[in-house]
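What follows is chain A paired twice: with chain B in the first complex and chain C in the second.
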Partner chain A sequence: MAVETTTNAVADREQSTRSEMPTTIDDLRRSGMGDSSLPAIDVKDLKVYYDSEAGVVKAVDGVSFALQQGERLALVGESGCGKTTLGMALMKLTKAPGYIDGGQILLDGRDLVPLDDEEMRLARLAEIALVTQSAMNALNPVMRIEDQIFDGLIDHGIKDTKENLRSHVYDLLLRVGLRENVGRMFPHELSGGMKQRVAIATGTSMNPKVIVADEPTSALDVVVQRQVMMTLSRVQRDTGAAVILIGHDMGLVAQFADRIGVMYAGKLVDIGTVQQIIEEPKHPYTKLLINSVPDLEEKRERLTGIPGIPPPLVDLPPGCVFAPRCPSVEVPCNELEPKDTDIGDNRHVMCHLFDPDVAMAGSEVV
Partner chain B sequence: MKLSNLLELQNVTKVFGGGLFNRSNVTVAVDDVTFAISADRPTITAVAGESGSGKTTLARLLLGVIKPTFGNVIYDGQDVSGMSGNDRRNFRREVQPIFQDPFEVYNPFYKADHLLHVAIEKFGLASSRDERVQLIREALETVGLRPDEMLGRYPHQLSGGQRQRMMVARALLLKPRIILADEPVSMVDASLRATILESIRTLNRDLGISVVYVTHDLTTAYQICDDILVMYKGSVVEQGSVERVIREPKHPYTRLLVESIPQMRADSGWEEGGDEVLSIDESGETTGCKFADRCPQVMDRCHDEHPTAFQINDDRVASCYLYDELPIANRASVAS
Partner chain C sequence: MTVDYLARRIGMFVAVIFVATSFNFFLPRFTGQDPIATRLELLAAEGVTTRAEDYAALIETYNAKFGLDRPLVLQYLTYLSTAVRFDFGESITKYPTRVSELINQAMPWSIGLLVTSTLLAFVVGTLGGAVLAWQHGPKAAFELILPPFFLLAAVPYYLLGLILIWLLAFQAKLLPLGGGYAPTTLPDWSDFGFLWEVFKHSLLPALSIVLASIGFWALGMRSMMITMQGEDYMLQAEAKGLTKARAFFRYAVRNAVLPQTTALALTLPHVVSGAILVERIFGYPGIGRVLYEAITGFDYFVIQGVVFIIVLAIAFAMLVIDVIYPLLDPRISYSSA
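Right, the complex of A and B next:
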């Protein structure tokens, strides 16, 4: 799924991105989405490992995916599957003892992995922004909302008059459905949903190309959750940014995303459109995951979970990581690591059942 | 004719705060709630609501951990707050809680099954060590755990789902008549959620234990429950059979809640619009309907007087003036 680019084009892109850093609010408003022929973000074979006494923890192990401009991808999986680690790595916010062991994060053609701290600091917010789970705690309790948004802008090289900054902040607040006067308020005056909207306004204040939203509504009630997700939806449409939504609520993800990536034990085992994943799950894990979600359609005789627990990431089983829990397991699964297989329609599955090169009795290769 | 009730709340109100010098700063956590769990057949009743709706306070009232400010909690014909000695002991054994956080209830210095041993000892359920171990093994198997994998392990060696199922096993050991589960699955993954809920349902179906399932998640409530109470800011806005309430919600708040549930379907994305119902003022005191400020169908009288419960179907009531032509409900007979 990766778009091939020559090294030269990457270098050019890098050059131009740097020189185009906006310095005024007008620049910001004019800043477009960059080269539309390139994916907004293209992650190749990304590995995030942690050193621990028990050995190397492979929290994210060889994940690849690409996201076009304006596309929304959701990453789902059980807790501990590496989805948040992946999100943090995309921001290069991996904390020691964690580190990026290899791979590329191409943002509009420029690789973020080799950037130093200062270059990466400038890229955050301006090019790739994060909306976290605990936005309520991300706000400084003794600063007015607008001042906190100014902070980010000024820190990223925007030099403009107070009036222009303020009018930009008001536009941002309106875009997330808050009144102008919220800018003059302090965080404690806002409800949880309003704070999460402020976080979205802050995250999109410099028109980033990619927004990483890590469980942005997990602390909110369902009614407010829907409001916040619709806000994110609208802002995303307005700015044309690509969104990576990290979540575990399959319902929420289905309502919001275009594509779903299913992670298991640090690997992206299944990726496809919402429709493909929900209506025709391919990977045995995806099938079980979809099946374990209760709905309002019909009352089920039995609720079924996924048997077993995920393997410890320091001691992964040989072959397929899901083999010990898999209902369709066969001999090759315990010996051979499955590879990312493109089964058409930009659908990728990491399972021997779909690999034409592996002989499986239950093979689903057509 | 009066059906016998196992556990019953009669016009229960719980007020926090206030006191001698501070009469202004009070919170009415539970406001005039009446409902009953029948003794005739085992049921699963959901108490559903958002954070701050008073559902956990209601659960604590049912457990007898806190006393109501007004009204009574009646267990098997006796007022819970007036119980003493043997009756209280009996109540404590027959009404068992399962809490939200399966990480907090264990003491990390003891093996996980310590909790089960203590329960058996306290209530004198076994006469010998062998018998005790036997009881524990049976309980673990009932909730789908393999005793050999569980016994002798420390809490940190178990997964969240195993720990929570062990709590279900602990409740089960005491042969309760009611299990009160307060958000038992909100801290575990979807895959385990189904497994734990299924084991709770097994207790109800196979062992005849009634369950009160306190949750914010209407989807799981719909899946496992018979009846539901929907709470908003301490008041019950709608209650009745889960099929009625979720399928055809009548109270505007229940409707909003049901519409907001993200459904796992590929065909319908959320529609834009209608997202400006954002409530800004949460604290406003009102003598009228508490939902009036946010209600799309608000009428003048909603602000003046709190609506009573109207009987919408024979198995469902809603507290909303939209239905004031219908007869006033006798709430005590609604749930189950």
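Right, the complex of A and C next:
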């Protein structure tokens, strides 16, 4: 009944490309995944900068990627490479002195970047949801779990009976492998793994098109890590949401994702399927990263690390950001900034070695 | 177990009152001051003179009258058995007025003034401090309004009271200098004119308490709110797309107010002691003034009565806080010690 009468302020804000906002739990359950011809999320040349006394810190500098519905992308990279900054920017949760300097975040065709605060608030949870790094503390200690999930629903215009809301929350809890009575519990009564499951249940409570999962297992022990990843995986299949998983554990990430994006110094330097990245890494940084992952079958004396440290993101030198640590560095690397090069099979690499327009001795352009 | 918890708290409540009232019985008696002699000195000062040979007999009569000639232990037992019935005997300095009558007259004045002004300062200060720390709120206005209160928080409120009297009552003549109501009016609580009179007289003392304590509450709340905003659940509240009002009240303020509540409970004793000074300065007919006059006259029975009531009030407030705290913060359970 409420679908026909969504001429309220909430619906007016919605652009014509959007379906009506759900106002009851039934609407929510019926809400589909939208236009399947468009990517679920299409990020174009996104830039997130921080103003600091030393200058402008380019934490995320011209990142582009697209995810189809139900696709799972893992973003990996060293600490400080900008993966969390990117995740926050996708939610438009970048805090001052940070700001989005340019680019587009097309969510099912709609650009999030120009949205005002209220429009973005309504998009959060309903269309793009965050499962945070430290779900351990992501719950309000003085509220029952179900109330915390209700809050998100109510503030997105869901007006339904307490029983319907509660039954929805119970379904969500069951889906993440928790018992119904967890809804009536307080956060301090739950274990770390349970809290993380609650975070996943909360994130999927409105069937978002995209879930940003920022290191959802970093605070858990390895056994629970695996269980939580399997839960996330199952929920993702159920809802058909696209997932951006941010992590640095290559092994964990490879099991979960369809594609891997490798970030370095604010740039997405290599992106391809899990198989492509692991079996035939292209970018020299990806190669070194894969080499530094321990292999269960192969016996090695010592793991190779990557010499050097990532550069400070203020006043980056001209040329390639990885050049100072790159084993394949050549003259153009220190002068010319590498471009995002499509090398086929939807595989993108940001390195002169794969750019047909740049002459490199070790060029791998065929 | 809730019953267990309550039983323990109530046991504590009774123990605190017992210990405090016992101290209150013995302390004035160990000072060596004789209340009867003090009373006669006061009478002498008023021109009532006694012949020297009658003096000893008079003291003896008085002592017998008030039971002060009996052994201390017996006096103590009588005191305990009568105090539980709120019977504190008769005042020495204001004989034959009963102590309970003095308290009954003064109590409404103090409760009306102190509870109102303390709660007002708590609510205004806490909310002001919360908004001051909230990045999304009408911060600028509060940044102008609140800092002077931080300054006033450093000024003791009896001193502030004197300044206010000088400025508003003596110089500007806007408000009465002191007292609970004008001496020319007859107390009649059904008369609107009298109520207005009472309100005008309570403004200055209330103002001195409120002005001096808003800053205290605002500072405490502000720093708690800043801590809260760094919490992951605040980020999560934003990521959940909550309205700012909900994130503010249900997530930030709800958590930040917990230490404030504890502070309120701990402040209550200071409210009482502070009241003595404020009521003295403003000549306010409250319990603080009764206590002050009793102490200067070494009126054992009034001291015992007033302090007993104060101890009871504070212990009861603590009991209430103890009982409601687990409701405010589910992490504190009734079962833990």
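Here is the rule we go by: the second predicted complex is superposed on the first by the 348 of 366 C-alpha atoms of A that agree within 3 Å, B and C clash if a C-alpha of one lies under 4 Å from a C-alpha of the other, contacts with A are read in each partner's own complex, and residues count from 1 in each chain.
Operating definition for what follows: a residue touches a chain if its C-beta (ideal position, glycine included) is under 8 Å from a C-beta of that chain, and two chains touch if they have at least 3 such contacts.
Just so we're clear, the structure is a prediction, and the values are computed from it rather than from any experiment.
In this superposed model built on chain A, chain B and chain C occupy separate space and fit side by side. Using the contact criterion defined above for the overlaid structures, shared-chain residue A:Glu53 touches neither chain B nor chain C, since it reaches no partner.
When both complexes are overlaid on chain A, the residue A:Thr132 reaches chain C alone and has no touch with chain B. Applying the stated contact rule after C-alpha superposition, one finds that A:His188 touches chain C and leaves chain B untouched. By the touch criterion defined above, A:Asp345 lies against neither chain B nor chain C after alignment on the C-alpha atoms of chain A. In the superposition on chain A, A:Arg124 makes contact with chain C only, not with chain B.
Of the two partner chains placed around the shared chain by superposition, chain C is the only one that A:Pro141 touches, whereas chain B remains out of contact. By the document's definition of touching, of the two partners only chain C reaches A:Met91; chain B does not. With both complexes placed on chain A, chain A has more residues touched by B than by the other of chain B and chain C.
Using the contact criterion defined above for the overlaid structures, shared-chain residue A:Asp151 touches chain C, although it does not reach chain B.
Once chain A of one complex is fitted onto chain A of the other, the partner contacts of A:Glu163 are absent, as it touches neither chain B nor chain C. For the pair chain B and chain C, the least inter-chain C-alpha distance in the overlaid model is 11 Å.
The interface of chain A with chain B does not overlap its interface with chain C at any residue.
The touching residues of chain B, counted against chain A in their complex, run 50-51, 159, 161-162, 189-198, 201, 216, 218-220, 222-224, 243, 246, 256-270, 272, 275-280, 282. Against chain A, the residues of chain C that register as touching in their complex are 231-233, 235-243, 246, 250-251, 254-255, 258, 328-331.
Against chain B, the residues of chain A that register as touching in their complex are 78-79, 177, 191, 193-194, 221-227, 229-231, 233-234, 248-256, 273-275, 278-279, 288-290, 292-296, 299-300, 302-306, 309.
The part of chain A that touches chain C in the complex is made up of residues 91, 93, 121-126, 129-130, 132, 134-143, 151-152, 155-156, 186, 188, 199, 202.
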